[in-house]
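Next up: the structures, one after another.
Same chain, two partners: chain A is paired with chain B first, then with chain C.
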Partner chain A sequence: MTRVWRAALPIMTVLLVIIAIWYLGAIRMNATWERDQAARAGIELSLPELISKTMTQDRPILPTPHQVAVGLYDGLAGQAITSRRSLVWHGWITLSATLAGFGIGTVAGILLAVGIVHSRSMDQSVMPWAVASQTVPILAIAPMVIVVFASAGITGLLPKAVIAAWLSFFPVLVGMVKGLRTPDGMQLDQMKSWSASDSQQFWRLRLPSSLPYLFASLKVAIAAALVGTIVGELPAGATAGLGARLLSGSYYGQTVQIWSALFAAALLAAALVAIVGVIEKATLQRMGLAR
Partner chain B sequence: MNILPILGIWLGGWAINIWLARFDTRLTCTAVAVVFGVTLLVLWEAIVRLYSVPSVILPAPSQIAASFVANRSILWTDFVQTILRGALSGWIIGALAAMLTAIAIDRSPFLQRGLLPIGNFVAALPIVGIAPILVMWFGFDWQSKSAVVVVMVFFPILVNMVAGLKATDTMQRDLMASWAAPYPAALWKLRLPAAMPFLFNGLKLTTTLALIGAIVAEFFGSPTRGMGFRISTAVGRLDLPLVWAEIVVAALAGTLFYGLVALIEKKVTFWHPSQRK
Partner chain C sequence: MGDTVIKAQGVDLTFQTADGPIHALKDVDLDINRGEFVSFIGPSGCGKTTFLRSIAALETVTAGQISVNGMTPDQARKARAYGYVFQAPGLYPWRTIKGNIALPLEIMGFSREERAKRIAHVLELVELKNFGGKFPWQLSGGMQQRASIARALAFDADILLMDEPFGALDEIVRDRLNEALLTLWAKTQKTIGFVTHSIPEAVYLSTKIVVMSPRPGRITRVIESTLPRERPLEIRDSPEFIALAHEVREGLREGHSYD
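Moving on, here comes the complex of A and B:
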């Protein structure tokens, strides 16, 4: 119990400080508008009045935490999940594209890594370009990818999934190349002395010993896939998904909507990473690799 | 019939690479990578030409190059607006802020235990999402892009820097203590240098993030220049060669930015094992 407390106390303190700063910031940033309104109406606002008014604005510059919480709760639980106002519905659209892209990216990353580990010429030709491909700010060209796919008649889930896949493939590739190369000379020699074939060496030694690296990369990859999907939803015309919520919120000045969508995305990201973490723990424990 | 030359190019490039890979010297390693890149470009050009792919879907490399040359002045203004003003300023501010915060919380284990889990959590979040909010607060010009970049790069650098400041072992710290070194001296002479490999890890990681932040923030509102603005309007006019020219600029800028940071890293952390030949 004391251990949990020791871990939780500092985090709680920092969170409380952040929330306090948030409230102060909200009061400060929203006060200007309230003062202007009051001056126009010719009334003098007392400080408590001013503060309470800054917390209940319809379109605040910075919504207060409780406004965001209400917006988030309303979006998650207050609507039928088939409604277009429901964050669950938008979240599902985003989630499905994220998972599709994550799947494609992971498979591509693993296959490329296997190729790279087994073929010297592939290692030398693909690896530098795979690294270089990550200095390209791919997210920035996401809208173009969407438009190009749309002009080829493909809309919906696939274009977003392609962007998500592009972002998630790299961490998997790097992690797997490293993981497949972890078996040291001693272990490889042992396999050789058992006269194991190449495929046996791969399935029984290289693949199992790469799993810890794979899972570490998968956690990075799934977070990256979510970011890719959300940015893929930004271009005008997308009407569904958390990214579209962000964009329409910014067009109509609905700050509460932006913040709720943002927090919904954060929750989704945290949940996805946590799920991968649970699978990791279970798998590694079963294989006796857990530390 | 069109498939034959494409297959030919692919097999040709592949054969050269398999032959080159056998030598395994530094020169041939570079050559292999170059051959692979050139093969891809030639394949791209060949596919676009042979199947007459419309340029609204995929322009050929030659069209992109032509557009690049024709639009040099536009590309340059966009580069200055987005990369130099937006991304670079934000990256520098964010990095400095993260380094100072790391040094500040370094002396308090309580703050570290509180901030680090939150920092790690935030680093995994889709932070680009705050772009619309910051554009609302700071206006359409480069200040808002810079702010997005600051937030995006802050946590990765913070987490790395805090880890770096811990990277000295007890023996080294004991040595400092036995010389009666005060905290600033120990920080300056031992712990900051020891933190540099970690710091540069974070700095390199965030170069691409900075470009992404600056460009994506422009989708939410920008003056009539900037790479994000140009990409979204050129896509609207279906001027895909110009879009690709912008992408080339972004890729070059990203590589250059990363390369510069890596070069500085090499000068600063020349003592680190990973820099040895």
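Moving on, here comes the complex of A and C:
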């Protein structure tokens, strides 16, 4: 128990400091509006009155932590999960596109890496394009992808998944190229001395050796896929998903809604990365590759 | 005897490196007969490992030729003519010891029953009978190298090429494995090429000791052993053994005299 406390103490301390700064910031930022209101009504506000008013605004510039917590709780547990006001419902829309995009991106990244490792011409031709694809701002690409797919009559999950895949294939590609190349000269000579075919070498040596790199990449890729999906939900007035919650929140000045959706997205990302981490640990330990 | 399995004629090998060409082997002529145990000994850089690798088609010679069982090294490799033991064990951490020994057998297409039979046999040979189910990290470095030798023995090639296989083992295990290797060699009539930098090891094991020297790598002396094939460990105290060791040492000194 003491060990748990010792580990939790620094985290809790930092968390408390952040919350304190957040409250101070919220009071300061929201106070302007309260002072204006009071001046217009010709009332004089005492400091405690001012502070308590800054914490209960409907549309604060910066909502306080407890307002966000209430908004988040209400969104997650206070609504029927089929309701349009439920963050669980919106979260599921985002999650499904994220997982689809993560799947497409992972498969594409692995296949391209296999091609690059086995073919010199692919190494020279594919890699520059892959790098170039990541230098284009996703915010610029996303609306075009949505529009192109919509003109072909495809809306909903797929266009968002494509944007998610756009972001998530890259870390997988880079990690797998590195991973598939980890076997050293001696291990490759060994395979050669047994006259192993390329595919035997791939399945028995290169692929298992690459797994630590694959998992490291997957953790980056799944978080990137979530970002891609949310960005994909912003344009063209999407009506569902955490991205849509962010967008409609900003249309109507619903800052509590924005922050709740942001925290829901952060929780989702943390959960996804943690799940990949658990699978990673179990797999690598089993394979004797854990370091 | 008399029937040549490995024949090298005028072998030359030059590596092109960023610092210019390195002449690794020069004018190497050597015949290895069936059933011989040939050790290659010399200081580092003398090309002993390079020569062994050339026989195994892991390097390509620049001039001259090597034939293995009357084939080119490349054809011989494809015909699975030899097993190769490297300096490091190179076991896969995700496979058990049995799984590691099964690896070349799987690649070569042996049946499941045949694999199990061969694995049990070679595990016994290297005294790892009860360790087949363990993972490499559960074994000491010496045991790992024994497992890697078992792996090279498993598919029972006629020729066994060993590149300083016992370099990392402690002397007691090394002695036992040297004895075991001689027993195995007597039983199976294999032809063995063995790179080492230990004079006693070379003399104890070999029927023929090839002394090499560096810059450029070449053969300076070929010593035919006068020891009988049957060799208890005590033979190392015999005058014959000591005389042979002396001859090897002289050969090594000769190669070094100019630098």
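Note that in this section the second predicted complex is superposed on the first by the 282 of 291 C-alpha atoms of A that agree within 3 Å, B and C clash if a C-alpha of one lies under 4 Å from a C-alpha of the other, contacts with A are read in each partner's own complex, and residues count from 1 in each chain.
To be clear about the criterion, a residue touches a chain if its C-beta (ideal position, glycine included) is under 8 Å from a C-beta of that chain, and two chains touch if they have at least 3 such contacts.
Computed from a prediction, not measured in an experiment: that's the story for all the values here.
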Have a look at chain B and chain C on chain A after the superposition and call it: clash or fit.
fit
Check whether A:Leu95 is in contact with chain B, with chain C, with both or with neither, and answer first, second, both or neither.
neither
What's your read, chain B or chain C touching more residues of chain A?
B
With both complexes superposed on chain A, which partner does A:Leu15 reach: first (chain B), second (chain C), both or neither?
first
Quick one: classify A:Ser195 as touching chain B (first), chain C (second), both or neither.
second
Looking at the overlay, what does A:Leu72 touch: chain B (first), chain C (second), both, or neither?
neither
Which of the two partners, first being chain B and second being chain C, lies in contact with A:Val227: first, second, both, or neither?
first
With the two complexes superposed on chain A, say which partner A:Val177 touches: chain B (first), chain C (second), both, or neither.
neither
Write the angle, vertex at the C-alpha centre of chain A, between the C-alpha centres of chain B and chain C, to the nearest 10 degrees.
80
Could you tell me if A:Ala165 is touching chain B, chain C, both of them or neither one (first, second, both, neither)?
neither
Per-pair minimum CA distance [chain C against chain B, superposed on A] in Å:
11
Footprint overlap on chain A, comparing chain B with chain C:
none
Flag every residue of chain C that touches chain A in the complex, lowest number first.
53, 56-58, 77-78, 80, 82-84, 86-88, 90, 92-94, 103-104, 106-108, 135-137
So in the complex, the part of chain A that touches chain B is made up of which residues?
6-7, 9-15, 18, 29, 61-62, 120-121, 123-126, 128-129, 132, 134-137, 139-141, 143-144, 147-148, 151-152, 219-220, 223, 226-227, 230-231, 234-235, 242-243, 246-247, 249-250, 253, 255, 258-259, 261-262, 265-266, 269-270, 273
Quick one: in the complex, what on chain B touches chain A?
14, 17-18, 20-22, 24, 28-29, 32-33, 35-37, 40, 56-58, 110-115, 117-118, 121, 124-126, 128-130, 132-133, 135-137, 207-208, 211-212, 215-216, 219-221, 227-228, 231-232, 235, 238, 240, 243, 247, 250-251, 254-255, 257-258
For the chain A and chain C complex, residues of the former touching the latter:
186-187, 189-196, 200, 204-205, 208, 286-289
